[in-house]
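One structure follows; several queries about it will come next.
Naming follows writing order (A, B and C), and every chain is counted from residue 1.
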Amino acid sequence: MNRRYINRIKDKAFGFVGLIATLFGLLILTFLIGQVFYEGFHRIDLDFLKSLPSRKPEKAGIYTALAGTVWILFLTTIFSLPLGISTGIYLEEYTKKNRLTDLLEINVSNLAGVPSIIYGLLGLEVFGRMLNLGNSLLAGALTLSLLVLPIIIVTTREAIRAVPNSLRMASYGLGASKWQTIWEQILPASMGGILTGVILAISRAVGETAPLLVVGALAYVPFAPSSPLDEFTVLPIQIFNWISRPQHGFSVNAAAAILLLLTITFIMNGVAVYLRNRWQKKHNW
Amino acid sequence: MKSTDYKIKSENVDVYYGDKKALTDINLNIRPNTVTALIGPSGCGKSTFLRVLNRMNDYIDSFSMTGKISIDGEDIYQSNMRVEDLRTNVGMVFQKPNPFPKSIFENVAYGLKIQGIKDKEFIKQRVESALKQAALWAEVKDDLKTPALSLSGGQQQRLCIARALAVNPKVLLMDEPTSALDPISTSKIEDLIFNLKEKYTIVIVTHNMQQASRISDYTAFFYMGKLIEFDKTAEIFTHPREEKTQNYITGRFG
Amino acid sequence: MLKFSGAITVLTTFGIIWVLFSESFSFFKEVSIVEFLTDNQWTPLFANKRFGIMPLISGTLLTTAIALSVALPLGLSIAIYLSEYAPKRLRLIVKPLLEMLASIPTVVYGFFALMIVTPFLKTILPNISGFNALSAGIVMGIMIIPFISSMSEDALRSVPKSIREASYGIGATRLQTAFRVMVPAASSGIIVSVILAFSRAIGETMIVAIAAGQQPRLTLNPLVPIETITAYIVQVSLGDVPHGSLEYKTIFAAGMTLFVFTFILNNIAFWVRKKFREEYE
């Protein structure tokens, strides 16, 4: 009798603990974003968006960093999207299950777990030095593309795997070739999942700092890049740079830039989640 | 009947999945414009045999086969046979309805689309004719853009039949087409099959003996990978020659 | 074209290994590997050069240990709460919010650590320095919580329902069911999540680069500046180290050390996960 009572108390207690733990993370999130908002929101105005970096915090703006981020976003997408999706299709539809494909799978899974800074070292040597791209946008985008490639490959494979085999069989049974089946049935059915993965991958690339620092993206770039071979900086690096400066004005700038970066990140992730929900509703296998 | 008058001819066919022998020495000749039912207990190989006829077993890695399958006199496993052409000639309807997640129209038109047919009028006519043959036209003609997945189970299966018919096959293979459906849908489809044999040669796998005796002209009884008996349906069900057939039909095992 | 895309991942792996190994090989021609592994000071950028990697490793492990001690209890509690206690609606709200937590760029977390957590810690621990492992570790832990919670939750949910129902059927409480039945049954999945979280923490760069300091130091004291492997690589990249010099090569030696660690961890996790899948299929 007594023990059952104690058990019930413990049970309820953990429920309370668990709830607190769950809310803790979210509370911290809200608190921290609130702080950043409080510090930086007032700093955001048209001047801030249009100005170039400067040694004086009140004059400094994020124009070049924003331009660099947009460039990186587009270039990385161009490189990683077709390559990642076609690799995913190839691995999922065109290879048989054997030792070789197991190794390929382990390999992709390993690449997904390699710290992003190591991709930076790879990019520095291969793209920066060997291909002589220096610290250009191209070098940075290629490096980030390699970084996000495993993510796109894995989500593409999972989206394709979710398509039931009966659909494939129905298509083959009508005389469709393998490629027709993929293009007409499997890809459309898995597109929602694939797009979700791509958006999440690119959103990750937009927030990356370390690999680009290693490749040589500069912290002080007083011009916006006009070609993929130009030097550049991106929002996260600008934030990093401002955080490292002692003047209080710069930490205000950093807070403001963080708000912009978070907005971009949350919008992209929000779109991805929305797409995922719509796709799951439509394909209720 | 001359051997060239048979629609489908199976000669000494053995099927293996890896080391496991799934079918042994199947010799079977199917006449045109008939309904042939393949019956037998679970795992006896009837579905395997059905899939051999349109080479759907090709997708199973461990599958291998000896012997000859001819359709209209042509060996369908010869190396220069284009499997895609075979399948526009030999259509298949599966056990669980599997419409594509597209509209009714797109489902039925799919088989034509992949052949590169672009003539819109032609496609529209074929779609309408197929849906009529599948006894679905009256129910869906008002909006062919409706998603196929919004149809009921029985309607979806008739849609799958229409989809198979749209490419004008000569042979229709059906793998337990009504086992996932309710009795009313089942009887609609049985009526359908009866009407279809005017134009097509139908081979249907069923575990429902009453269904076999209702709709088929010929019946083949499979047991443990062997073809035990093949004869006119009326004969099989009234005067079976083999003891095993007799036992299965009277329900001694199944 | 498709066949080429299959090759790209293999090429990437070879690229990484080749780059790290060839530069490290060249590095080890000038610095003995014994010194690298056993010396207790790391001062390649100073006049008196010492090349012992231990301080960087200890900095990395110290911050990681702090991070895990935050993330593990919280992440696991959240996972158990969401899978065993929480009403469905709460789960549906919380999961996307946790995903949001995981998607915040790490430079933002670095800002939190330096600008908010460190000053706060100063009020309770006045001798803490401006750069320290504790701040960075705590914030890293917060960043990792979604890793552990979502993977552990998936592991818990994939345990067959019948096992949970059997436990309730005997009269066990949710707590007892969770800890005595569900967690052991999902243990491989939970272990995988911890290993991967560990690997993630070791490879983290920005939080520690911003908040933990740039003083390589072999210590267990969380209140003083240290330097991690990743922060060192950033430090050199931002400086004026000439290509091909010994100092330049140190980042590859350090990078290789990091790669070896994470490679081993990720592979262990992969094999555990594979074994786990086999049990339930």
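Going forward, a contact is a pair of C-beta atoms (placed from the backbone, for glycine too) under 8 Å apart; a residue touches a chain by one contact, two chains touch by 3 or more.
Because the structure is predicted, anything quoted here is derived from the model rather than measured.
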Most central chain, Cα average position: A
Chain whose average C-alpha position is farthest from chain C's own: B
Distance from the mean Cα position of chain B to that of chain A, given in whole angstrom: 48
Interchain centroid distance [CA atoms averaged], chain A/chain C, Å: 18
Chain centre separation (chain B, chain C; CA means) in Å: 56
Chain C residues touching chain A - in the complex, by the definition given at the top: 1-3, 5-6, 8-10, 12-13, 15-16, 19-20, 23, 73-74, 77-78, 80-82, 85-86, 90, 94, 96-101, 103-108, 110-112, 114-116, 142, 145-146, 173-176, 178, 196, 199-200, 202-206, 209-210, 230, 233-234, 237-238, 243, 251-252, 255, 258-259, 262-263, 265-267, 269-270
Residues of chain B defined as touching chain A within the complex: 54, 56, 59, 61, 84-88, 91-92, 94, 96, 98-101, 110-111, 113-115, 160, 163-164, 167
Touching residues on chain A, where the partner in the complex is chain C: 7-8, 10-11, 14-15, 17-19, 21-22, 24-26, 28-29, 32, 35-36, 83, 86-87, 89-91, 94-95, 104, 106-111, 113-122, 124-126, 129, 146, 149-150, 153, 200, 203-204, 206-210, 213-214, 216, 219, 236, 239-240, 243-244, 251, 254-255, 258, 261-262, 265-266, 269, 273
Residues on chain A engaged by chain B in the complex (per definition of touch): 96-97, 164, 166-167, 169-177, 180, 184-185, 188-189, 282-283
